[in-house]
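In the two assemblies presented below, chain A is common to both, partnered first by chain B and then by chain C.
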Partner chain A sequence: MPGETIRADKRTSSQIRPISSVLSSLNRADGSASFSFGNSSVLCSVYGPQEVKIKDELLDRATIDVNITPQIGIGSTTEKNMERIVREAFSDVIISSLHPRTSISITVQITQDDGSIISTIINAVSLALIDAGIPLHSTLLSVTCAILNGEIILDPTNEEMKDASSIHVFAFSNTSNDIVSSESTGVFTEEEYFKCSDICKLAVSSVLKFVHTAIERKLQKEQKN
Partner chain B sequence: MSETTEFQPYAILPGETISLDKYKNDKDVIKIGPGLLHEKQQVTAIKAGTLKNHNNQKWWIDSSQRRYVPSLNEHVIGKIIAKTQDYFRVDIGSAHSALLSTLAFEGATKRNKPNLEIGALVYARVSLANKDMEPELECISATTGKANGFGELKDGFLIKCSLGLCRSLLNPNTPILTALGEHFAFETAVGMNGRVWINTPDISNTILLSNAIKNSEFLSAKEIKQMVKELVKQSEDDMEL
Partner chain C sequence: MAEVSNKDSFVLDANTFAKLHPKEFYRKFLTNNIRPDGRLLKKFRKTSINLNSIKSAEGSCVLKMGKTSVVCGIKAEVAEPRVDDPRKGYIVPNVELSPICSSLFKPGPPGELAQSISERIDKLFKQCKIIDLDKLCISEKNAVWVLYVDVICISYDGNIFDAALFSIISALKNLKLPEVTFIEEEGKVEASEEKTISLELLSTPLSATYVVFDKKYILADPNEEEENLSSTSLTFIYNEQHKLCGISKLGGIPLSKELIQDCTESAIERTDNLRQLLDSTMKNL
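So, the complex of A and B:
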């Protein structure tokens, strides 16, 4: 579009980086997937429904356990916060009442972090849960946007996130297109927030299209006969 | 009869709703199976897979996964992990281990109980599958009360695979077992819980069989034939050395 600023990586402000994913990449996990937005990529494995430690047992639903490991070293408070965001988002999406007294364990390894990492994680977890066959109310997908010099840019890289005045992570369900999870940092107006949400909602539909194709490919591979 | 649309199976993601009205006649009774949930007057997918139906009346989602969730009357292969006077505790790969009563065998009485050691394999039928209760197994047929092939699996070798592969192995015309059967004799028991027991008189054939079955998951019927041929030839060459 004319008038739009071109970013450092030659994208326009409303363009997301190229998406790629691999399903069932781990052969011992019940479900696994890797997902990447450009240079941000994560690997996620899902185990479950499996046996649960007695102290974590819930009588009416499954215990959802999220573990996020950074690229280097062990998890710090940043990862703990991401674990909370992922757990809270997915506790409403996973139909945990179908598997009471069990545990669904989600493990995420960040393989490369170049911004918008929470969205990358949410998308990888969604794909891994689908791969594991865990019952879900909806498919949850996420996109991040940032406000940089008064302009809303989609899927920011680390470089862009550093200078941004505010960063917004949105996760939408494919059923109602409503926001399931939203995390914002920085200073912004109400108007800016809703503008960001509208832009992300549009961008998520292209991620959904991608996921649909990825699942179709996997099914084709399974049903060769 | 009112007009109904022809249905074509298609890929579906969790959360997508299905409008069954398009395909059903007014008096049809709809039954929904695995992967579908009836909620708020709508039928929604809760798993990703291929949406299929039978006579526009029975609907289900066909998908493969690795973790087993017990379902009534499915045949499973389990491993005895503990035993008490009244029951065996059996690992069937689900979240909770299953219970197998010592009286749930053909001809078993309080005095004459089957003698199964810890670690033994059993072929059994799921007789109770409720999400809030531990699954229960029986080694007798539900209709005849006879063993009907259920019971201990002696000797042999156990391999694990995905549930989708197990279902395809249960098809009587499955290309992989037919192709292997042309080369040598073997015995198999396929559980719906992702476990396949195989028994051959010759160890080298057991190895060949387990490799062939594990490899066959994503191959077409033609590729399977080729793969089996190559494996058999390789094994024969090794024998000569």
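So, the complex of A and C:
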């Protein structure tokens, strides 16, 4: 669009980084996927429904277990917080009542972090769950945006997130127009929040198109073999 | 006769019904716009604070919010600053949820909830400029203050984030640091016994939390049972200028813009009330 500022990596403010994904890349997992927004990429594996530890057992639904490992070292409070966000976001997306007294275990390895990492994780988990054939109510996808110098920029990199006045992570499902999960930090107004939500919703629909093609291609490949 | 008594024994009393069908029990109340504990849907629990009750800490606050109670203590220590930020002190927030407060928590390393709340509060400090970290500098490159902000929950009945954040802000507002001088020749910091300085807060963000029950009822300030029954929660953090310092919506039920906007007014009112409570408690000290 004319008049829009060009960012350090030559994107416009409403442009997300190139998306890529590989499905079923892990041999032993029930389902796996890697997903990346430019230089941010994660690898996710899903096991389940499988045996559950007695202390975690739920009588009416499956226990969802999320583990996130950072690039370097062991997980800190940052990863624990992300685990909580991801688990709670998927708690109502996975039809867990179909598999009571089992566990669905989601393991995420961050392979490269260049901003918008929570969104990258949510998208990878969604793809891995589909790949594992876990029953889902809908497809949950996420995009991050940030407000930098009063302008809303989509899919910020680490560099941009550092200077941003606020950062907003939104997750939308393909079956509803409403916000499924959101996490905003920094100082902002209500108006800005809803503006960001609208912009992210648009971006999520383009991610959804990508996900559809990715799955279609994988199925076509499988049929050929 | 036997038949009649049999019939009687099948009538559930309210407590048994609440245990067996907790969701149905709540629905019966919520359709009448009231909650089982007598509160209206958007009503917060009675909150009270007690300041500076821990004499060994530099600042402290005991907070009660219904049956949730937390203690916040701030310990100040002198440390060397980071090399990349030689003029900045630092703040280390930590929230502890031990088996003391509820059977939900097990002994051992902090669980996910405790870690997640500590992380959220840490992020808030980093992104919303609550304290000017330069003011925590004693001597550039040599000594700065480190504030260990510890929140310990002693009774858990839901909504721990609101309780933790309000107790931290209250304790910080009452923080009294000893006046110190850095003696360069000895590389030591000397504290004066009498003189203390307080820290100015640049902003006072406070939070209000809601849960969504059955996709349509919004309950403010949930207790433990309400938290368990609803999978979606909404937290708003407002500063004194009524600007947002954070929104987090956890959980998978989609919420429309209208439902979210519905909460913001009550959240502003709640955070303003808390601020007034803090001011009036400080005046009466």
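Simple rule for what comes next: the second predicted complex is superposed on the first by the 224 of 225 C-alpha atoms of A that agree within 3 Å, B and C clash if a C-alpha of one lies under 4 Å from a C-alpha of the other, contacts with A are read in each partner's own complex, and residues count from 1 in each chain.
What we mean here is this: contacts are C-beta pairs under 8 Å (C-beta built on N, C-alpha and C of every residue); 3 or more make two chains touch, one makes a residue touch a chain.
It should be emphasised that the depicted structure is a prediction, and the values quoted were computed from it without experimental measurement.
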Task: Quick one: classify A:Leu98 as touching chain B (first), chain C (second), both or neither.
output: first
Message: Under the stated touch criterion, which partner chain does A:Pro135 make contact with: chain B (first), chain C (second), both, or neither?
response: first
- prompt: Is A:Ala89 touching the first partner chain B, the second partner chain C, both, or neither of them?
  reply: second
- prompt: Which partner does A:Glu57 reach: the first (chain B), the second (chain C), both, or neither?
  reply: neither
- request: Please indicate which partner A:Val187 is in contact with in the superposed arrangement: first for chain B, second for chain C, both, or neither.
  value: second
Field: Partner chain(s) touched by A:Ser173 [first = chain B, second = chain C, both, neither]
entry: both
- request: Tell me which partner A:Asp30 touches in the superposition: chain B (first), chain C (second), both or neither.
  value: first
Query: Which holds for A:Thr77: it touches chain B only (first), chain C only (second), both, or neither?
result: second
- request: Could you say whether A:Asp113 touches chain B, chain C, both of them, or neither, answering first, second, both or neither?
  value: neither
- request: Determine where on chain A the residues touched by chain B overlap those touched by chain C, and list them.
  value: 173
- request: Quick one: which bits of chain A touch chain B in the complex? Just the residue numbers, please.
  value: 29-31, 47-52, 95, 98-103, 130-133, 135-139, 173-175, 211-212, 215-216, 219, 221-225
- prompt: What residues of chain B sit close enough to touch chain A in their complex?
  reply: 11, 13-17, 37, 44, 46-50, 62-67, 69, 94-96, 131-132, 164, 168, 175, 217-221
Task: Please name which positions on chain C make contact with chain A in the complex.
output: 112-113, 115-116, 118-120, 122-124, 127-128, 231-232, 239, 243-257, 260-261, 264
- prompt: chain C touches which residues of chain A in the complex?
  reply: 77-78, 80-81, 83-85, 88-93, 140, 166, 173, 176-190, 193-194, 197
